[in-house]
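Here the chain labels run A, B, C, D, E and F in written order, and each chain numbers its own residues starting at 1.
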Amino acid sequence: MQKVYLSRKIYFSAAHRYHNPEWSDQKNKDVFGPCNNPHGRGHNYELEVTIHGAIDEDSGMVMNLTDLDRILRDKIMSQLDHRFLDREVDFFKSRIPTTENIVHYCWLQLESEFRKPNKLFKLKLFENPELFVEYYGQTIDL
Amino acid sequence: MQKVYLSRKIYFSAAHRYHNPEWSDQKNKDVFGPCNNPHGRGHNYELEVTIHGAIDEDSGMVMNLTDLDRILRDKIMSQLDHRFLDREVDFFKSRIPTTENIVHYCWLQLESEFRKPNKLFKLKLFENPELFVEYYGQTIDL
Amino acid sequence: MQKVYLSRKIYFSAAHRYHNPEWSDQKNKDVFGPCNNPHGRGHNYELEVTIHGAIDEDSGMVMNLTDLDRILRDKIMSQLDHRFLDREVDFFKSRIPTTENIVHYCWLQLESEFRKPNKLFKLKLFENPELFVEYYGQTIDL
Amino acid sequence: MQKVYLSRKIYFSAAHRYHNPEWSDQKNKDVFGPCNNPHGRGHNYELEVTIHGAIDEDSGMVMNLTDLDRILRDKIMSQLDHRFLDREVDFFKSRIPTTENIVHYCWLQLESEFRKPNKLFKLKLFENPELFVEYYGQTIDL
Amino acid sequence: MQKVYLSRKIYFSAAHRYHNPEWSDQKNKDVFGPCNNPHGRGHNYELEVTIHGAIDEDSGMVMNLTDLDRILRDKIMSQLDHRFLDREVDFFKSRIPTTENIVHYCWLQLESEFRKPNKLFKLKLFENPELFVEYYGQTIDL
Amino acid sequence: MQKVYLSRKIYFSAAHRYHNPEWSDQKNKDVFGPCNNPHGRGHNYELEVTIHGAIDEDSGMVMNLTDLDRILRDKIMSQLDHRFLDREVDFFKSRIPTTENIVHYCWLQLESEFRKPNKLFKLKLFENPELFVEYYGQTIDL
């Protein structure tokens, strides 16, 4: 059977502040610049979710979009949209809410949601049209 | 001389909360929905600034972009980018920081910055690619 | 009060066939080319709906988006999305479903839906990113 | 020699109906929803065709665009643009014309068209800007 | 009859140099900055051509796209695409090839090409996605 | 540690001429068509630079954007923006300035700029929205 990659884009907006409480105020300002503003700032995020799977011979589909959209609504939109991330989402209470960490959070939310032969393959998160992060669920040895 | 309209797009990101202190908590929630989240939320805004003017015969320009970009940096970017609007910008202490009111604020910041024959003509502010507000400095009689 | 223009984009996809039954088959083919294909063809349409109104001092809004979105769902999406226009929508049984006529249909659907001081101002309909039609509810004398 | 990946985007619009004749009307409606509309519906599709090859030292090119565009016109545009897929294209008479199956069809049309060292590498087909399918000519074991 | 505005986008790429021979080298450098580079530079331009007209009752169209595309090919694309503007196009031998002057040139090329009730209404020329100029054929008194 | 891919988009505009001095004028014209115009032509290029690395636990970042932007300014923008490539950049004096060769040049400029565990992974260069080239630093055996 043909192996295809199916991708869906969703959009959420959220506020955040970059601040490491173990650093001095000066170091926070030096590293994070205006993202360290105590009042926080915000973005419209765009997330592309890619799964791979087989084309079902009867339906011609990898997965019904209705099911995919429900997963994304429950696991991503209802958790992140309209939130102040480091004040309202537990994961970001001990991690800076950078684009890199948000994509990691989304992976943990989604990875067990797809049934064989479908599998979460990639997440691509845009903070703005000129800056984006991709994650395949991989680790790196230093 | 030819009258042309010159437009420049700029981008800023900001957080805000929609909350009218003269209303009950319930009314705030009913009218503003998730925008009333006490922690605030955020957006990437896109602003299109349009001036009209004459093509200068010697330079072929309505206005030097270096000058236009300096005005936009001083009057818009330095005021709104990376801000929590209703906590950090005076104008929004007595007005809800809706897209409609932000575009009004930008007009007041820019309208006296251009010299004859150039004139501020229109502002177009996107909260997201599906929602935008335009303002020509006009009032309406009810 | 400030007069602002508020715009919302929506998307629908539809099929159609361009065919004037009063013309010969050859003339239909000459004028409409591949759009005259008897099986029909389809497009993703993008519609920008612009109203003008006053910024309400209490809410900071011209109109609540929840209300605007409900109108667009009832009057446009439920009528046109997923339709074969000239087979399923009465208006197109006596008119070619061109982009020009679709925008006229949308105007008739929407013009009485807004309450003073709000008013429908403009519709902009994209057949594709390189081709679009705008309508302000105006007529022309020939 | 440098191995580079060259991609070209093309656009076609087509109508289709999702309907499996071996299923009951109710099951077709449950699985395919509005895509099962007997009159069909339509889309503007965007296809990205990616080949890999070597940079020719004399021309600086992987492949002359004139040749690539001719292949895409003959093998894709002339077959799919302005068509009602399941009524006019044989491949879709026994397969649902989903985005997944259309990308499979395009692969079969293109895979033997490129000469060594050039090779078809990937197809990416957008049904709309929020939904796309990628195919690398791979199969999957269930 | 309904008055609608029909717009078509086209794309061309061209090189140019901004240089006023009546100015000193220093003044050219001060005013035009890197655009004064003696070797020239280049852009992908995007031009939106808007005409207004009436919807023809028989065809449902303001104008046949085949005719519109032919005009744009003959009057714009064949003149500007792939050109070094100030070396190859007479109009720019005595005028700086700024975006403002290019849009003026395009207006002169197109204004007499449309037959009643159709009329050229607006040109919108993007030098890049953040900078564009609009022209309605108007003059301004200084 | 999580391995993520971080990408940044930058834009530059440049002019060029495609001309192989070892070929006859006719062969140059046949192969390169209008790109062989002796006066040159130009484009707005868009370059996506992708590095992979680990999410730093303290900062939540793969790399500080300030550092990444400085590298791109020094190694790409200052070399290519506003240039006539084959007249001003040594690399293109012996190579046709095709999109394929420009992406190769950018790789050589950037590959040694990132420190472990960060590494340059991919470059994607758009000549226009319908044509782009990707390079991963690989060679191919013929």
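Keep in mind that, in the parts below, contacts are C-beta pairs under 8 Å (C-beta built on N, C-alpha and C of every residue); 3 or more make two chains touch, one makes a residue touch a chain.
For clarity, every value in this text was computed on a predicted model and none was experimentally measured.
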{"item": "For chain C and chain D, chains touching each", "value": "none"}
{"item": "For chain B paired with chain C, centre-to-centre distance based on mean C-alpha positions, whole Å", "value": "28"}
{"item": "Chain centre separation (chain B, chain D; CA means) in Å", "value": "42"}
{"item": "Chains touching one another, given as label pairs in label order", "value": "A-B, A-D, A-F, B-C, B-E, C-D, C-E, D-F, E-F"}
{"item": "Residues of chain D defined as touching chain F within the complex", "value": "1-10, 50, 52-55, 58-62, 64-66, 117"}
{"item": "Parts of chain D lying in touch with chain A, wherever the complex brings them together", "value": "18, 20, 22-23, 31-33, 95-98, 100-101, 103-104, 129-136, 138-140, 142"}
{"item": "Interface residues, chain B side, partner chain A - complex", "value": "11, 13-16, 34-35, 37, 39-44, 81-84, 87-88, 128"}
